[in-house]
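Note that the chains are named A, B, C and D in the order they appear, and that numbering of residues resets to 1 at the start of each chain.
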Amino acid sequence: MSEREQSYVEALREAASQEMERDPSVVCFGLDVDDPKAIQGTTRGLVERFGPERVFGTPLAEDAMTGVAIGMALAGLRPIHVHIRMDFLLLAMNQLINIAAKSHYMYGGHVHVPIVVRSMIGKSWGQGAQHSQGLYAFFMHVPGIKVAAPTNPHDAKGCLVAAIRDDNPVMLVEHRLLYPHVGPVPEALYEVRPGRARVVAPGSDVTLVGISHTLVECLQARTHLAEHGISAEVIDPIWLSPLDIDTIAASVAKTGRLVAVDNGWTTCGASAEIVARVVERLQGTRELRVHRMGFAPTTCPPTPHLEALYYANARTIAAAANNLVEGRDTGWLPDERPGASEITFRGPF
Amino acid sequence: MSEREQSYVEALREAASQEMERDPSVVCFGLDVDDPKAIQGTTRGLVERFGPERVFGTPLAEDAMTGVAIGMALAGLRPIHVHIRMDFLLLAMNQLINIAAKSHYMYGGHVHVPIVVRSMIGKSWGQGAQHSQGLYAFFMHVPGIKVAAPTNPHDAKGCLVAAIRDDNPVMLVEHRLLYPHVGPVPEALYEVRPGRARVVAPGSDVTLVGISHTLVECLQARTHLAEHGISAEVIDPIWLSPLDIDTIAASVAKTGRLVAVDNGWTTCGASAEIVARVVERLQGTRELRVHRMGFAPTTCPPTPHLEALYYANARTIAAAANNLVEGRDTGWLPDERPGASEITFRGPF
Amino acid sequence: MADLDRIYRLLFRIRRVEEEIARVYPTDVIKSPVHLSIGQESVSVGLCEALRPEDAAFGTYRSHALYLAKGGDLRGMIAELYGKATGCAGGKGGSMHMIDIAAGVFGSSAVVGTTIPHAVGFAYALKLRREARVVACVFGDGAVDEGVFYESLNFAALKRLPVLFLCENNGYAIHTHQRLRQNVPDICARVTALGIPSERIEDGDVLRIAERAGAATDALRGGESGPVFIECMTYRWKEHVGPGDDWNLGYRERIEAEEWIRSDQVARLATKIDPAARVRIEREVEAEIADAFAFAERSPFPEPEALHTQVFRESP
Amino acid sequence: MADLDRIYRLLFRIRRVEEEIARVYPTDVIKSPVHLSIGQESVSVGLCEALRPEDAAFGTYRSHALYLAKGGDLRGMIAELYGKATGCAGGKGGSMHMIDIAAGVFGSSAVVGTTIPHAVGFAYALKLRREARVVACVFGDGAVDEGVFYESLNFAALKRLPVLFLCENNGYAIHTHQRLRQNVPDICARVTALGIPSERIEDGDVLRIAERAGAATDALRGGESGPVFIECMTYRWKEHVGPGDDWNLGYRERIEAEEWIRSDQVARLATKIDPAARVRIEREVEAEIADAFAFAERSPFPEPEALHTQVFRESP
């Protein structure tokens, strides 16, 4: 009965717990992992179970603690380094990119760096400029580091397990608004391996690729589009690096139309990469139409009305997909529907 | 007589010197700007001329010194912060992206941050993993920061002047191998303003966009292609953010073929952005063929033979452009030609 | 000679503003995180007694007290929390990015430690221009964990810059006690080793803080002395973020708070001033607060166009 | 009781390897930057007298001495400088990324300060596994400018980790003297304030360094003592990067070097050992060096395929 249900939070916690049980070289640390809030519960109980040597909070020192994770990995441990916001990784870029991503190569294969970096993307409740960024494009840009952005509890567990077992640095990108989502999660350990995307919902007119939390919006957009007589295929890349372009390209080869929706900025972002690769792959084989959506090209405003305009949502995605299908700006925008609006959270944080 | 000739190094030095002369709020600092090597000569003489308060070397503290530059800017100065390698900016990402790029917006327009960050990309002579990166895609990705990558002495001076006068953070991307290049540089102050690309050489069969040092390779590739009967138009974006897509798209609208060549990795890189924007702009108007080239998807190896394979060069660019025109892999590769090989430098650094 | 009426007004005003924020918070009119200063008012008030309007102050995401003590506009602050166009950052900053240039309140940031080098750079500019202004740089004990703290103080000392570094040590970074983050809790010793004179004020006494901060800024205005460091022990009464208490979380003992509640500077100063003056001050402050919340309530949200403005500053 | 023959062999060997690199450099067989250790040999040699093969060492881009003193393979080192497939990093590292896991030489990095937290993390793993091994972390005076130095030492002290931090203070970061970068040049005071016992060795005496490092590692193997810090004053004879002298640059005075040249540990130890032994050692070392350069010369460059290997490690 793999129909056991868990929240995204529970799935992350179980993955870490089971892997730490299985492999004594796995350790978990980061600011506040052992505090009463336990990173929204994703690390709850780990310190009681595995002790303060394998699970510990740290000083505020993102740069050094990332280097510490690398040093642990060089000594044979498999650290999981947790950050409450992805924005704070900007303090760790030197260790992540100049060292972690390069060590296996620049030391001629003599070392490897199996670290997992978990970080959360914030949204809503006035997260604002510095608590809302989805910066994974940086890690897609640089060779030597893998990136996963699971969008449901099943994949959250499977990607974290795969990340822990991977011998390379892996960034696990989590989205705050996905944490309460509930879905089937097998209890037995399993991996959602790098480099395989999933067709989440079939369709024939247009391909919607939804990254991280935007997958939820894409699925709602698909409903809007269906009611409008348009059949959308929705794809979850799951892993952004390595990226499964085959599955995406196969879908676009069928639909001829691609809307790449990102939970980050579009310029030099994941959506640019998906569009560019699909075009390079399919050009000359058939007519193509592509479109990117993501954060507005601005800093994230905390005030609700502007914040709502900052993100792509089910209705704007549906509208864009419809325009792509129609080949013109039709002006069509689905109505707000009660209930369809995203599960959000009330503060304080 | 605007035909006065200067090297890229001299042009950078003159721009800083003339602007510091004109505007007492301009200061210049960074590791080793005042030492005997003076950042390959680009800051030579500035401390003698403007004194140690306006021109000074710093401790090794990229993070704090970037914050110091921001604080200076908040107080009305116009700092130029110099880094001997772009790789070291990874220590400054938090201040650059969480603060500099966002301050004007997140403080509701009440402050602005006119800082210029100069950094150099290394190549050849075993620069290796950590002295060779062209990471400007990171700054293109994030709204609120501008990026220039001048490829000749004229633009080096004009972009630095424009950057100093700009009220926003500007990254000036310099390439070590361009430093010895000599070309016409007007003595009188002038700006090469953001957002305007230049068609460097006309052509009708294929558009080559060359970023930073790869522009030099694209121009040589054009010669190879001409001998092969193919007419290539070469475009220098000059500014990567804001990016002048109009000029590039106008060329591709004519040629129908685009090779975007970058001095960085292609994934989520500048070449991905250029390809995606051109396709979004021109799709449906005519047949298009696009191709990206850049660093190999690896860490940069110092050993010469592998390093040669790591970079796109005139011959591989010509071959790729030819294949795009022919619509198939022809296997054609121009012969090495003595002299055409890039001016390089012998160590030690 | 300290003006106790003014000091009481500042303390009482901050306390009541924070209490009012906490009171309305459950109604969701404020849709963003708030890090309240209740219990820590005396640090900012004491500090700002030593600052002049033209001096600059840099703070953290917990800067309501600093903003108000330095003279930041109350209406603009509350409107900012409400996300209104009339907010001090036009609704684009939120509680963590309080700013009022006219009052010398420069940005406060949500990323710990980030404003420390800004204060240093600002001071560099002042010194370069031979201005007698000083810069106050306020941060928590958590910022002392970060490397940027050492890099910034080393540079400030190297260049003898007019910065008063003030560490607001409330013992915790979120729920983690200082002793679990810093092997040696003596922050002053770390700073002294960088060549910066430092002192600790243990009891949150607003008058002592004002006196010591005054001595520091007097020296700084002299010019050549170089930076000064003051550590003010204090205590956060409310949860790290949000309007509630958090004694239930179990990361700290309530009795820890009691000595601080006993020595509460708001209550203490209330007894030091003339009762009639107190009544007048409190009435005026309550009216001002009521006005500010009403202003925020009736102010408009930003227009949709505002999303795309101010990404870049158009050079005049 | 120190084995002077072995110490002399190590000192002489490093000196001669570096001299040989400098000699061939103008012929361009080495197509990458080299940061030579000439004049600084006694620091690494003294340190490694206190280390066991199973101990780990982390260094900087100036690590030829550390690599050799710790037992790194000479052939692999020279082949790496030549960019050959037989290099210690297969030609993919270069002079700045010396590595020899078998000898306990972990990566050295071109980015200043970056390996300090690696040493700390490595030590964390050793302590977690209750191993008696220790970690040596070598860095220059420039690394002390960087925030990561403080963050790393604070964490190492907090967790009482078995790390010997060794600052190789040659007075300069490239051409900038320590006093122009650090307001207070007393690095030991900064470290003491973090709760780490520290001491300075002024004269580069290889025997004293060995003795003090030995005392430190003995304590560390005990387990609970926590990290130790030693600052070794030394002097770089050659230019920052490259094979030449740089007295012409004018950033330092030649006379500064003279006391160091007078107290040169290679020459000093040469007089302390039996002349016959010295002749034998030098003959053996010269032969070994000749062999290593010949090996590098005749070794092949990496195959083109090597460009794309080792980006990721394929899990077995």
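Operating definition for what follows: contacts are C-beta pairs under 8 Å (C-beta built on N, C-alpha and C of every residue); 3 or more make two chains touch, one makes a residue touch a chain.
Please read all numbers here as calculations on a predicted model, not as lab measurements.
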Chain pair among B-D, A-D or B-C whose interface repeats that of A-C, sharing over half of the contact pairs by residue number: B-D
Rounded Å distance, subunit B centre to subunit D centre (Cα mean): 36
Centroid distance [mean C-alpha coordinates] between subunit C and subunit B, Å: 41
Rounded Å distance, subunit A centre to subunit B centre (Cα mean): 31
Per-residue multi-chain contacts in subunit B, two or more chains: 58-59, 61, 63-64, 87-88, 91, 94, 98, 105-106, 128-130, 143-144, 297-299, 301
Multi-chain contact residues (two or more partners), subunit C: 87, 91-93, 97, 109, 111, 145-148, 151, 154, 158, 181-182, 311
Chain contact topology (line, ring, star, complete or other): complete
Touching residues (chain side subunit C, partner subunit B) in the complex: 56, 58, 87-93, 97, 99, 101, 106-107, 109, 111, 114-126, 128, 147-148, 151-152, 154-155, 158, 309-315
Subunit B - residues contacting subunit A, complex: 63, 87-88, 90-91, 93-94, 97-98, 101-102, 105-106, 128-130, 135, 137-138, 140-144, 241, 264-273, 275-276, 279-280, 283-284, 288-292, 297-299, 301, 327
In the complex with subunit C, residue positions of subunit B that touch it: 27, 53-54, 58-59, 61, 63-77, 79, 94-95, 98-99, 103-112, 143-144, 146, 165-168
Subunit D residues touching subunit B - in the complex, by the definition given at the top: 25, 28, 30-34, 83-84, 87, 91-97, 109-113, 142-143, 145-147, 173-176, 180-182, 239, 241-243, 249-251, 301-302, 304, 306-308, 311
Subunit B to subunit D touching residues, read off their complex: 31-32, 35-37, 57-61, 63-64, 87-88, 91, 125-131, 296-299, 301-306, 309-310, 346-349
